[in-house]
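Some structures are shown below for you to check.
What follows is subunit A paired twice: with subunit B in the first complex and subunit C in the second.
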Partner chain A sequence: MSDTTTPTRREKRRMRRFDNPWLNPKLIWGAGLFLGIIAMGILGRFVWDMDLVFTGAGMPRQGPVWVENIRGQVGTLAHPLGTDVSGKDILALIIVGAPNSLYVGVLASLIGMSLGIFLGFSAGFRGGRVDDVIRVGSDVMLTIPPLLILVVVQAAFGDISLTIMALLIAGFVWQSPTRLIRAQVLSMREAGYVQMARLSGASTIHIMFREMLPNLVPYLFGSFIANVTTSIVTAVGLEVLGLGPQRVPTLGRVIYDAINSGALIQNMWWWWGFPTILLAVMFVGLLLVNLGLDEVSNPRLRRL
Partner chain B sequence: MSILDIRNIHIDFPTTKGVIHAVTDVSLSIEKGRRIGFIGESGSGKTTTALAAMRMLAAPGFVASGEILLYSLDKPDVLALDEEEMRQVRLSKISYIPQGAMNSLNPVMRVENQIWDGIVAHEGALTRAELQDRSDAVLEGVGLDPAIVGRLYPHELSGGMKQRVCIAIGVALNPDLIIADEPTSALDVITQRHVMQTLREVQGRIGAGLILIGHDMGLMAQSVDEIAVLRKGRLVEYGDVRQVLEAPKHAYTRELISSVPLVGGPSFLNAHETVPAASPEAEALLDLSGVAKRYGEVTALHPMSFRLDGAAPKIISIVGQSGSGKSTMGSLMLGFASPSAGVVTFKGQDINKMGAGAKLDFRKQVQAVFQDPYACFNPFYQVDHALRFPFENFGMAGDVQEAMEEACVSVGLDPSLVLGRYPHQLSGGQRQRLIVARALMLSPKLLIADEPVSMVDASLRATILANIHDLKEKHGISIIYITHDLATAYHVSDYVMVLYKGHVVEAGPPREVIGDPQHAYTRLLISSIPWPDMDRDWGSEDDARAALEDLGRIGGTPETVYRGDIPGFELRQG
Partner chain C sequence: MSRIPLSYIGNRLFTLVLTVFIAATLIWIIPRLSPVDPVDVMLGRMAAGGGTVAGSDAIMAQLRESFGLDQPLIVQYLLYLKNTLTLDFGLSTSSFPTPVSEMIARALPWTVGLMMVSLVITFIIGNLLGALMVWEHSPGLLKVAIPAVMIFTSIPPILSGLLLIYIFSSKLPWFPLTGAYGLNVEPGWSFEFAGSVLYHGFLPAMSIVIVTFGFWALGMRGLMITVQGEDYTTLAKAKGLKKRYILYQYMIRNAILPQITAFALKIGMLIAGQVLVERIFSYNGMGKLLYDAILLQDFPVIQGVSFVIILMTALAVFLVDLLYPLIDPRIRHGE
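And now, the complex of A and B:
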């Protein structure tokens, strides 16, 4: 009895967290990792020389600091993460490449979400034929593996820009938000507060955007983050196959070059290791943000 | 001989806002074969106390101190059992009959398999034939045909049948104690009587104790031997049912008893001078002519017509069981559904053929109060949104804040306590009164109140109905009151229509229709109401069964029994 009435400091801290759901450790860590990568992309440009991304910027095949390469040369601070087969500086590649990969993911996901919101609301509200077309369309699209189609399309396009790649990927990430929003709209349409709004003479636009959408925000956030992850994975997948933008450094492109120049055989782990670590950090960050948001929007998942 | 003793138990729920003492120092003893009613409003600790005996408290609740002793165990202390021993006790010694039978049965399993589940979990594997015998016996015991019902899935059963299946599962292992948690709150009065009598009969046959949890004093009076009144986690009164009902000692018990409106009893409404009749209007306020509604093959409402004139405000009650078509009528009148035949006109205009401007005006003049006060507020906004938005949308004159505060005061709410809060911070009663306040603020001509108090605690029902009645008396708003509760309809209304299977079977002023019913259905409805009066018996189980069979024979008769007219309202079939 007495131990429940006088909470320990640890318990008090957990209770505060319960009161303010945004103080969720998962959310904070996830956002921290994610923002760290963005900060690296922005601040890196000021601290490091970006001209080092070009071929021949340094001695080729240099190891990271204090690591010996196969020729017995020890890496120096001039290229702290080493250089690749053509002498490009790995650190500079990562600083430029990571934000590029994120950009593709976020843009594709934003477009996909917007499409999903529009189609989901149309299907849920209009019903009938419109609903049938949208539902069947999104279900069919869900069954198509995006990488397969994209490989064909990209190969036909040849060299493309980051934005075009994001647009192409967006064509494969609108289905799940569409389904999610449609289902929510269908159940919310009969909710008491929507009936009340109709009684208040509310327009359909008001009901959609002022009454329903705010309640969808947690779902939208979750879906958005999941889509960013999917988009980045798809983008990196294409780049690793050499089907991404040819002139712009991206994380996937760095890995492609590494594999292409025999990094695995030559034991040049830093060629592919650093971009992979960065991608892993990105995904863990996104996953934590997603889990955190889930707990914020669903108090039942919160543990006291 | 006592089967269960609860001694000085305290139940606490540690939360961020400190420890909530849900139950404080409750002691009770349940005798073999006796029925005890736990009564109190939501949050009074009645369910918590009963669930503690099964050790099924919702996290993070726990029994802080006290003893629970179940004498049929070798070691009677229930709180000292380990998880496996406790599992053995549940169902076989203490069984639980849940509130919502529809959510408690597994939708993908046949009824008899669900009964076998419980038996196998306690007695190990039995042969198929043995199991079949056992389930047949219990199903028969609750008045269901095992050969038919046993093979059905839950969705194929009616609400009353599902609840009886739950009773069958609960008694399959002949427990010492049955805990029934508001087993009939989702059922209409006729089915309620039948289910309660089944429960009583089965419990008497196996000689178990029964804890009946509820908030309806009438149901308690008809069903239990002893009553325990709980309030804010404390046992305020405990005694023989007759003593509690006829000579309540605690003020709260008296309040509970008097909150049940009685047909013919004293009114709970505030007396007022009626507003003088407005200038007579040529056009009817609301006119339904030959209105019917069909959903595919099912006819929810057979053609009927009525004309409500707005000259003097009136309350028209539409009474019926679930499925009688009364809510269909409500949504037809609100223009949420369009009739399959006939026309609904408001002030001479067909409400389904209005332009945008006329529609907005119609919405302003016809408002509604719905059944579920929990769903009526958008959880994203403060409650003010629900009041402010229509006020501004309809372009009403005056200061919103002032109007909101005024309306809150009129329905007996303190504006500083409710405005600016989020819906989850308010109780159901407060929310429903806010919805009434919202209607008042918009000063409509007509208010459709669809079961406005059925989801509110019994003790608050009278107040909310008085608020609604005031809308008519003080503010001149005509009201269509849709309900299944005849006693409240008797008090508030000027005219009553009884609906059965989409037909109006009896109509007239409440004193005639409810005070002295003529149609068999109305009579059955009234005799099924559980009165909080020991001398006004509910009748035996056979009576209930006979009554149900009677009802089957009546069917929906197209003839209406007209019991008199009131000025300003006309009703006819077709």
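And now, the complex of A and C:
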């Protein structure tokens, strides 16, 4: 850690960049990893044959390139990441599965965030009964783990689509943005610029969205990213329990199939390994984005 | 130390009761919105097991009556609430006349035990590392290594569990692949059994520990940065107290308390994560019970397990909320 008296080289470089907090390395790396996975999902469809996700697309139980499987066969470039027990191509499964996981995460989080903005502003502005109901409601829902309610839903209804799963998860990720926004609105309500706007006759809508909301943007982003992580973890959890969409390949579903078919005992590490690594990269990217956003909204963290 | 105001306790108690009530109601309503009939499922299993089932209509009516499905919905609901409050979840449909509460009672100690052990380990390791990240006398290597390790924080425990199983029980046969104790060990109060339990519990506990300690470390780091700048720390240094004494008695002691509230926020995720870890390791806990019930479409067990886990979470949050003002007198309650 450097002292503040003499600027180090790093600090000088930072000044040259006009000290833009949005250009911190964590944010850039995190966004890079995240965009990389999206790019893989989009570009992969053009480069690789998507029909390989179906059963019997190739020789079963083949290892990745140059890796020998139990039967002594060496993997070939036809299936660079190997195949599973029914001959599905792992690379194709990953290319289709990763965007599906992201889609659930982002959609659930977007809906949760919109609900949170609406409820948080209502609670903070209206106060009284409305505030009480929203506060207690979010306290209650914060305690209930989403996974267990969703397990009951899915066990009862069987197969569901990705979008329905995202909607269900969204019912459990609105609480933290609601609380965050409520707290911020309460503290901002008495701030000078809000008083000024009110005195100059601005409408409530104007005060909410033009005066207050821009100040909340870094917090909202942070909360959004944290919710994307929570949603993906919940979705993957459901999939690993064998629930979730049955007809669409998802990363969690691939892991579920691998565990169930004894991939761990048969030493077929590529089957569960690649989806696991991809999910890990996804979560690390989200974490880095979140840490980077923390630096934007909280300048005191920027030294480390 | 001031007493906790009654209104605060009342408020927390109300939230607890409401949480449990809402969870119980959700768990009751959801399966009733579904077109799947549990009696059909059960009869289907009987038919699959033994060909045709003689007098299936009579059996179905009988089953409906024994599950109370022939009564009006509101009666069913009130009965359900009464039964749930007494932790009576009816009979399992997959292993038929066994009461669900008995199955849960068998699985619960394993889950609670595993959770307590991994929680205590992560809490200690995480807070210590978080404190050392800020402490100016800790070795430089620590300050570089810990942020690197922190990357694990973002990974859910199922993924770390898979990696650990692969490395330590599939590649290197150091630890057992499944189960909570060895098949050749008689359960009981013997050293052999205890050793077997510890041996089997090590990997599941570790897969939770390596992905959760970073959460505590990050929180502790933030708190330590605040404490570091406080006047009493400067005074302690000026007095020439030993560095370690300042770290433990002045800095960590003050910084660690808010970490306990973080626990209340995190516990839901922790329990859900552990359910999945148990499923991967086939550990004899609630996770395995839930997974088996999902496979066999055993609704009473699914409902019972979900309710008990939510109840545990809500109780834990309630206890933390109550204990916190006792532990940390700096906190004044009252809206």
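Keep this in mind: the second predicted complex is superposed on the first by the 287 of 304 C-alpha atoms of A that agree within 3 Å, B and C clash if a C-alpha of one lies under 4 Å from a C-alpha of the other, contacts with A are read in each partner's own complex, and residues count from 1 in each chain.
Everything below uses one rule, namely that a residue touches a chain if its C-beta (ideal position, glycine included) is under 8 Å from a C-beta of that chain, and two chains touch if they have at least 3 such contacts.
Keep in mind that what you see is a predicted model, and the values were worked out from it rather than measured.
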item: Touching partner for A:W272 - first (subunit B), second (subunit C), both, neither; value: second
item: First, second, both or neither for A:D139, with subunit B first and subunit C second; value: second
item: Touching partner for A:I160 - first (subunit B), second (subunit C), both, neither; value: neither
item: Partner, of subunit C and subunit B, that touches more residues belonging to subunit A; value: C
item: Partner chain in contact with A:I255 - subunit B first, subunit C second, else both or neither; value: second
item: Touching partner for A:G242 - first (subunit B), second (subunit C), both, neither; value: second
item: Subunit C-contacting residues of subunit A that also contact subunit B; value: none
item: Interface residues, subunit A side, partner subunit C - complex; value: 136, 139-140, 142-149, 151-153, 155-158, 229-230, 233-234, 236-237, 240-243, 255, 259, 264-265, 267, 269, 272-273, 276, 279-280, 283-284, 286-287, 300
item: Subunit A-facing residues of subunit C, complex; value: 14-15, 18-19, 22-23, 26-27, 30-31, 33-34, 36, 151, 153-156, 158-159, 162-163, 165-166, 170, 177, 225, 265, 268-269, 271-273, 275-276, 279-280, 290-291, 293-295, 297, 299, 302-303, 305-306, 309-310, 313-314, 317
item: Residue ranges of subunit A touching subunit B (in the complex, touch as defined); value: 1, 4-5, 15-16, 18-19, 191-193, 195-202, 211, 214-215, 304
item: Residue ranges of subunit B in contact with subunit A within the complex; value: 12, 14-16, 19, 60, 64-65, 334, 336, 359-360, 363-364, 367-368, 370, 372, 374-381, 386, 389-390, 393-394, 435
